[in-house]
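Letters are used for the chains, namely A, B and C, taken in the order the chains are written, and counting of residues starts over at 1 for each.
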Amino acid sequence: MNSGSSRYLEIDVLRTLAIFSMVFVHFCENLAGVTPPFTGFGAPLFAFLSGASYHLWRSAQERRGRAESEIAKATIRRGLFLLGLGFAFNIFVWLPEDTFNWDVLSFLGVAWMSLELVRRWPLPVLAFAALVIYALSPVARGIADYPAYWTAGYFDPDLCLSDVLLGALVTGYFPLLPWIVYPWVGYAIGSTLFGTAERAGSARLAQRSGTALVVVAGTLLFLQQRWPALLPRGARDAWTMFPPSLAYVAGSLGLAMLVLAWLPRVLPNGDHRTARTLQLVARTFSRHALTLYLLHHVVHLWPLWIAAGLDGEEPTAYWRAASSTPAAGLLAACFLIASYAGLRWMDRHGRRGIEDLMRWLCD
Amino acid sequence: MSDLPNLPAGSERVAIGFTAEEAPSGAVLLLVDAATKRRAVARATEPRESFTPGAGAGVDLELWLVPTSGESREEEELLVEALRAELAAAGERDRAAPPPPVVVALQSAYVLWSPGVLVLLSPRERWLALRRAAIDAAFVIGELRAIEEAVEATWPELEADASLAFESSERALPRRDELRARFSRVLALRMRLSRLAPRALLPHVHPPTLASQLAERLRERARLPERLEHLREKLELQFQAVELASQRFSDYALARTGHSLEWVIIVLLAGQTILLLVELLAGYGAA
Amino acid sequence: MLPDPSLARPRIPSIAVLGGGPGGLFTAWSLQRALDRPVHLELYEASARLGGKVRTARLGPRGVPYEAGAAELYDYSALGEDPLRELVAELGLATRPMEGHAVVVGGRFLANLDDLESALGAEAASALRRFDACAQDRLSPAEFFAADLEGGSASEAPGHRFSAFLDRVPSRGARRFVETLIHSDLATEPERTSVGYGLQNYLMNDPRYLKLYSIEGGNERLIEALAQRVRAELRLEHEVLRVSRAPSGRLRIAWRSPRSSGEREHDLVVLALPLEALRRVAFEGELLRAALARHIADYDHPAHYLRLTLLFERPFWRARLQDSYAMLEAFGGACLYDESSRTPGAGYGLLGWLLGGEAARAHAKLDDATLLSRALEELPFEGALARELFVAGAVHRWSDAVNAIPGGEVPRSHARRHQPEPHAHPELFVVGDYLFDSTLNGVLDSADHVAHAIAARLAESSEEAA
């Protein structure tokens, strides 16, 4: 998502990394049926960065002198836009029965709206609320009987209100429990890192918190492998994204915080060529993250559906079996290169992406 | 001994530093500020042939004492004019747009004054009294200028913080330490100024002495009362702004503790409600 | 107060102000501000010009302006209300502070205690210090300010003279210094004035008590500004000869001008005349004549000024005299004004002498050329150069123009001072600087008092009529 404010390179770089990870993972999974080792980092990064971006976007709006109520309305409109886009995406890119599978776009829409409430909280309250959500999520999964909604690794709810709502809360692909923790913590870290002049102290705080989360994740994993009996039942999941285990959430969140706090130290700054190139690339991808998200799905999924249709097969006939892993990787790389060229062309010629549509519609 | 070739024999140069050192290097000439125990100390100097001030470290004022006989007024005038021109030239060497040297003419003394340099022309027997008065006046004027500069330096920060005087916010909280430091700074400046004020606004002495006349003229030329008044106003405003901001901070911090507790309770209740909802929904699903 | 049938009639009251000097003009101005009804005001002035002792004249081929009369105004604003300062500000006149430190004794400029000590010895310096402390103890700045307010001056034994007070100064040098310092302001000799007035004139040199200023462009601009703003029928060159009670009950004024003479009746009459002019007016009726004679006798302590003004091609004295003025030993103590310091950047040099007291009276008899020559001789600067640069000179004699014991030897209430015969002639008022402190500030106080008394009287009369 575009922050719309003065840009921080580390956010652009991190989001670009998330895009690269997402494209490679999806191409490899959906074309070759292979799960790369770096799977499971893209979505947490996107969710985390959406919180930080929200802070930057809001600050920029305030600096422009926009009234608070206007900003709140724009926030809600943006959230609804993403939610609606998420539903449309589920229908058109996947299948109509997938409308309420609570994919990442729908989640981000709800999360963006929730930030309008969360931003009013003092940071300790926000941290506490995140902790409560984090701790409640395995309990809620236990109550809801999470595995009952999942068939062969896919979320498969009945199209009834209780299942739909439960999917949004606990059992979907990106349920609010515990995914909402990412944007909230992202917002907290963003307002700490980018809201004060005293950056070094904030970066230290982010690093320490990130390290603590990583240690928690490591400890959970260690205990889960060695002495699972020591852990409560809900905390015994290993490193899994579906369901998002405690170790996974703590680990991915901690890593995101660490990287965000640490990146400014290693990124080239100044006006030399490497720095300028990096800025240009990161900014181009980062500005059009939403467009890329939609586009890469269309580009690699629709040919599968169409080819299967033409061959008279089930639509999902070639899904996960369309190519070899190297070919999928190569295609992902080609897609990224081509999309970079396309995005540069769009930027140069003032062509609009889906982000611009969102801004036009919502701001 | 004269460093300047065109000064009459017997002229002296004293480099003076205002210091609070316990054991200063050099003779103590005058206690200039009892509160901070600052004293005017004569620093060792190298012979020099120009008026350029600030050559030595720790030198705040250069005092040139030039003896006059009081016999030939015309010669005195010519000397004063030559020195004035020299001081102006030295000032131009030192900075781009120097203030012109101030010339104070008293019945039996002349004083030339440009930043950092004070030249006294008087009969030798008047030197002691004049020197004390000149050092004291120079200290007061220098101190006032230092406060003015400090106040001006604080101004942009204050303007940036002006909104905090109205209300505080979550985002402003991390700046509390910064504001605390600023509060101390402004308070310290006010204290300095209030110590200085009685000396800057000293009533005219009657019957006057040469030293009192010199001090009065220097204070008058330096426009001390007006500057003091302006400084007071500025510091008052700065103090008020910082004080208000600190008040807002305290209010906000107090309210925030209460709010946080309320929010914690709400979050816990919300957590419980979510679990109930999940349980309810799961129950419907199962049914 | 007696009933006054003349005021009961529904017509515009007529007020005559006799004297077009500062007293008359201030009275007219104050009346204008104090009254809440229209009045017909007539201002009689015997000479052809307004302003009296406030006079800015011109000298030499270039018509250089100089003060021929009152040289400065007193600024009391640091101590309290200063109506004259307020008036000057209200009239929009710019002012210039005046300062002088030096007393020239034996050709040496003594501008401070150090100079005094080196010229007259340590004993003189310490005597002056003691005298100063004693003077300040006797009259604090607040008391100095209040001296002319109602009940403000401590009464002294009549006949107690300032010279006796000065005799206590143990050093001859210090005494001479003080005498020289105050002589020209006093305009009389210490043995002819009171201790209070002498002390006032000494202490006014202390800036905590008083500051001096003059009006940019000449003090007469004050008169011009007032004349422009005063709504009165001006009768210049109208010398008032007689004041009497008319059969109508009003006061009748007989006047004479170069072209005619006449009489007019007025409801109220204000005598804003110096004592010597008051003496020349005939008052008819036993009561009134006796009251005025008593009034004149009460304040009959004449003091004198003499002003010599010398124009030079350039101000050759600036190396020695940078102040607005200095006090000289010559003429028993005279003030030497650097008149050209009033006009910064003026190419010419202008020195004004102010002689006071006996010296002024005695020298007034000499002719102008002799006087100017004496002035040149007595200059504490290079004599030969002065003669060489001398261009022109002027002499103004102000004999009997001020008062040696202003306010009178026995201070009376303000009402009593301003109404010589309050019972049978309550409509007759007196205004003068001699009633207060022989200054412009004093005459304004006097005018203010009379204006308010008249306002009160008119208000009472109309209430009675109603």
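The working rule: a contact is a pair of C-beta atoms (placed from the backbone, for glycine too) under 8 Å apart; a residue touches a chain by one contact, two chains touch by 3 or more.
The structure presented is a predicted model; accordingly, all values stated were derived computationally and were not measured.
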item	value
Most central chain, judged by mean C-alpha position against the global CA mean	B
Farthest chain (mean CA position) relative to chain B	A
Whole-Å gap between the CA centroids of chain A and chain C	95
Centre distance in Å when chain B and chain C are each reduced to the mean of their C-alpha atoms	47
Averaged-CA centre spacing for the pair chain B and chain A, given as whole angstrom	56
In the complex, chain B residues that touch chain A	170-171, 174-175, 256, 259-260, 263-264, 267-268, 271, 274-275, 277-279, 281-282, 284-286
Complex contacts: residues of chain A adjacent to chain B	121-125, 128-129, 132-133, 136, 139-140, 143-145, 148, 158, 160, 162-163, 165-166, 169-170, 177, 191, 195-198
Sites on chain B touched by chain C in the complex	73-74, 76-77, 105-108, 125-126, 129, 203-204, 206-213
Complex contacts: residues of chain C adjacent to chain B	101-102, 109-116, 118, 128-129, 132, 205-208, 319-320, 322
